[in-house]
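In the two complexes that follow, chain A is the common piece, with chain B as its partner first and chain C second.
After this line comes the complex of A and B, so read on.
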């Protein structure tokens, strides 16, 4: 475990050094991100110009959820999306060979070799915005509520990592599943709204099976004092099942790796 | 005990075929035609510790696929392989820490960072102790003379400089078994020589077992005593390089320097001329006729100088692949 933490530190360090080469890029991306944050908050405000509540959620509650959803997005981009996005390229060009040749868990190398460090500025901004929205809504969570929120948030990250890891694993056969990031973005955008907006049979499907609820709804409900026990069990179940499935699928796929010609 | 042992290794691929053009792409979208490619077809060999073996064959013969099977990248269709006592496809860390694969056309260096950053990362990945790392790095950097480019971003290096850095990245953990897949491809003669000298030195110093593939026969001639020839996935020769000449070259080259011009047409009627550029005349003579034809040439032609040579190994291999007669 310590070895992998040390390795991760080195990956992270290399990515930081690389990004410092392109300082202006990081600055520009942060500006674009602030713009999208404005658009997101603006769209929530627009919706609440027409209605008083959204599936039982007040405006300030939805704003908190929107910020948590964006924070979720930024953290995934910082820690594993960069690596997973490059996977298709590595398979097509045979550079995955070098990952397999290293005496390190190949899944770890694939997922965490490229951290997008520039997201750190965005994450800091989002944490400040979240704190300010919580204050604005008159919510001051206890340490237990913060712990519960963090646990749900982490479970969501693990589940989404596992799901998208399974998607990129199909590259072993399909070679070019390049646009998965678009699908990923759509899911994350949908997760910025309360899952209660889905009605009837769709609700359990989108809340638990996809599972959009884990992006933010379940975590934010802890702050709002509306936590559901079923969400807790679903989160644990999803973490275990997706971890197991994605690992088995990865091992199976490795046996079908054909490499690229020289 | 052999360091590398390969028994009846087979690797077949299913490849889909597409007719050219847009219509072909549409058809392939609906119905794809697949066929089997026998990349490696039942090959067996053993290599002892410290051997430097040349692995040659035309494009698509199965060289790289074999190396990828040996390094555990590809699961074979059939057969058994043991490298240093390990099954490569288990990809155990202990195995991976003792081997290295260098591919001349691919790179593992971080593109936007100086090479030294990749070296430092590999130190951590292979868990090389700091004193050993420093010693090995100093030694490799001096041997390849790249002190001044260590801190330059990889994308700004020339192909030759990059290849030298690739070699260092692959050798920092002092592997006992090294697979070199065309390490000199695209390099100029100076860089080529430097890399070859380095491989020879590394093999001698570390008693490393090395398999080298190259399209340049010069590389193989300079470094390897033993060669394996592969074509269409099958091993068609495994032995001493000098045996290839004995086995496949049934001719010798008799080179004559003439001191007076003669009519090329007349000479061609009487002698088996390979090339004639006055004053040099080269005859391609069957081994059992060398004495007779040489004596006749001395008698009938104005010869100033004469030498008898084996044909170039490159020519023999070319003829071997073109003629496809491996009997």
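After this line comes the complex of A and C, so read on.
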């Protein structure tokens, strides 16, 4: 375990150094990402210029959820999406062979070799924006509420990491599909809205199959005093089930890997 | 002459069929967006009309937008920037006797002819499903349809020229992905992909009517849904033409100067 933490630290540092080699590009990209934050919050504000509430959620509540959803998106991008996005390329170009040859767990290498830092300033800004929105809504969470929020947030990160990992594992067979991350991106964007907006048959799909509530709704509901016991059970169940399934699927896929290199 | 460009068209068409899995992924991801945004509006509690749209008109707007997304997004930015960055452009275009502009245009046409067939089929299926549930409404008229098609043709040339010019920036800056992100922010927010522009406050709307982003996406939709008067349509077409001309001239200047400023590393 300690060996992997140490290794991760070195990967992280290496990616940071590489990013800083193109400082101007990194700075410009950070500015653009902050601009995107404005676009997202602007969209929510414009929607609420026309409506009173969304599925019972008021403007200030949806704004909090939008920030939490974006925070979730940026953290996934920073810690594992960058690595997972490269997987399709590695498979198509036969570079996955080099990962298999290393004396390190191949899943770990595939997932955490690359970290992305372009969102780091936006993450910092969003923490302040979140604090400001909470204050604006008259919400001052207790330490227990923060703990509950963090637990749901972490469960969401684990679940979506596992789901995305399972999706990109299909690249062992679907070699010419290179844009699975687009789907993932859409789901993460969808998580910025309350899961209650889905009605009828869509609701079980978005609540249980793709547990969008774990991106932000369940966590924010703790702050709003609307936490549901069922959300807690969904979180635990999804963490266990997706962790097991993703690992089994990965092992199964590895056995069927045929290198693309000559 | 035409045969050269036809070859690029066919080549790209074959490549698109080879990467059909990726197209299906794009369709699915756009379907997710459509589902979410429709759910947002169906769950909205409002005492007023939604930016001048009824809920069913708004769902019609996003469904038509779902299709339009496939039709108008002629984006040579990615391949252009990559070719310049990698130096591939020397062998692929700089030393060849054809126009770079029309080569890229033919390639995009090859890509889109396949994507449009898929997108149209799916949109029609969705329209039938939503119609059966009485969730969409179109005030259909042939006049609006024909004018919208004209606006779509203009939008294709505008998106293409805009995107190509952004790609050519790689002649000077090599790494130009940041401008692409800005392009999408402008197109999605000010172009009406997230929300119709009638949701914006008055002063913003005036600015949006002058900038090119609206004419990349929402203008044909507004015509199709009968939200614009003839005067507004004519004004919009004139602005579209202005921007098409602007990006065509800009392309010529950038192409001439970029080639002279370009340095590539050999392999």
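Here is the rule we use: the second predicted complex is superposed on the first by the 262 of 262 C-alpha atoms of A that agree within 3 Å, B and C clash if a C-alpha of one lies under 4 Å from a C-alpha of the other, contacts with A are read in each partner's own complex, and residues count from 1 in each chain.
Rule of thumb we're sticking to: a residue touches a chain if its C-beta (ideal position, glycine included) is under 8 Å from a C-beta of that chain, and two chains touch if they have at least 3 such contacts.
Computed from a predicted model, the values in this text were never measured in an experiment.
J.: So in the superposed three-chain picture, is A:52 touching just chain B, just chain C, both, or none of them (first/second/both/neither)?
T.: second
J.: What is the contact status of A:43 with respect to chain B (first) and chain C (second): first, second, both, or neither?
T.: A:43 contacts chain C only, not chain B.
J.: Please indicate which partner A:32 is in contact with in the superposed arrangement: first for chain B, second for chain C, both, or neither.
T.: Only chain C is touched by A:32; chain B is not.
J.: Is A:150 contacted by the first partner chain B, the second partner chain C, both or neither?
T.: neither
J.: Determine, under the contact definition given at the top, whether A:132 touches first (chain B), second (chain C), both, or neither.
T.: The answer is neither, since A:132 touches no partner chain.
J.: Between chain B and chain C, pick out the one touching the greater number of residues of chain A.
T.: Between chain B and chain C, the winner on chain A residue contacts is C.
J.: Where on chain B is chain A touching in the complex?
T.: 13, 64, 68, 71-75, 91, 93-94, 96-97, 99-101, 103-106, 108, 110, 112-113, 117, 120-121, 124-127, 153, 181-182
J.: For chain A, which residues are in contact with chain C within the complex?
T.: Checking each residue of chain A against chain C gives 22, 25, 28-29, 32-33, 35-36, 39, 42-43, 46-47, 49-56, 174, 176-180, 182-183, 185-187, 189-190, 193, 196-199, 202.
J.: Taking the complex as given, what residues does chain A use to touch chain B?
T.: 3, 6-7, 10-11, 14, 17-18, 21, 93-95, 97-98, 100-104, 106, 255-259, 261-262
J.: Hey, which residues of chain C end up touching chain A in the complex?
T.: 18-19, 21-22, 25-26, 28-30, 32-33, 35-36, 39-40, 42-51, 175, 177-178, 181-182, 185, 188-189, 194-195, 199-201
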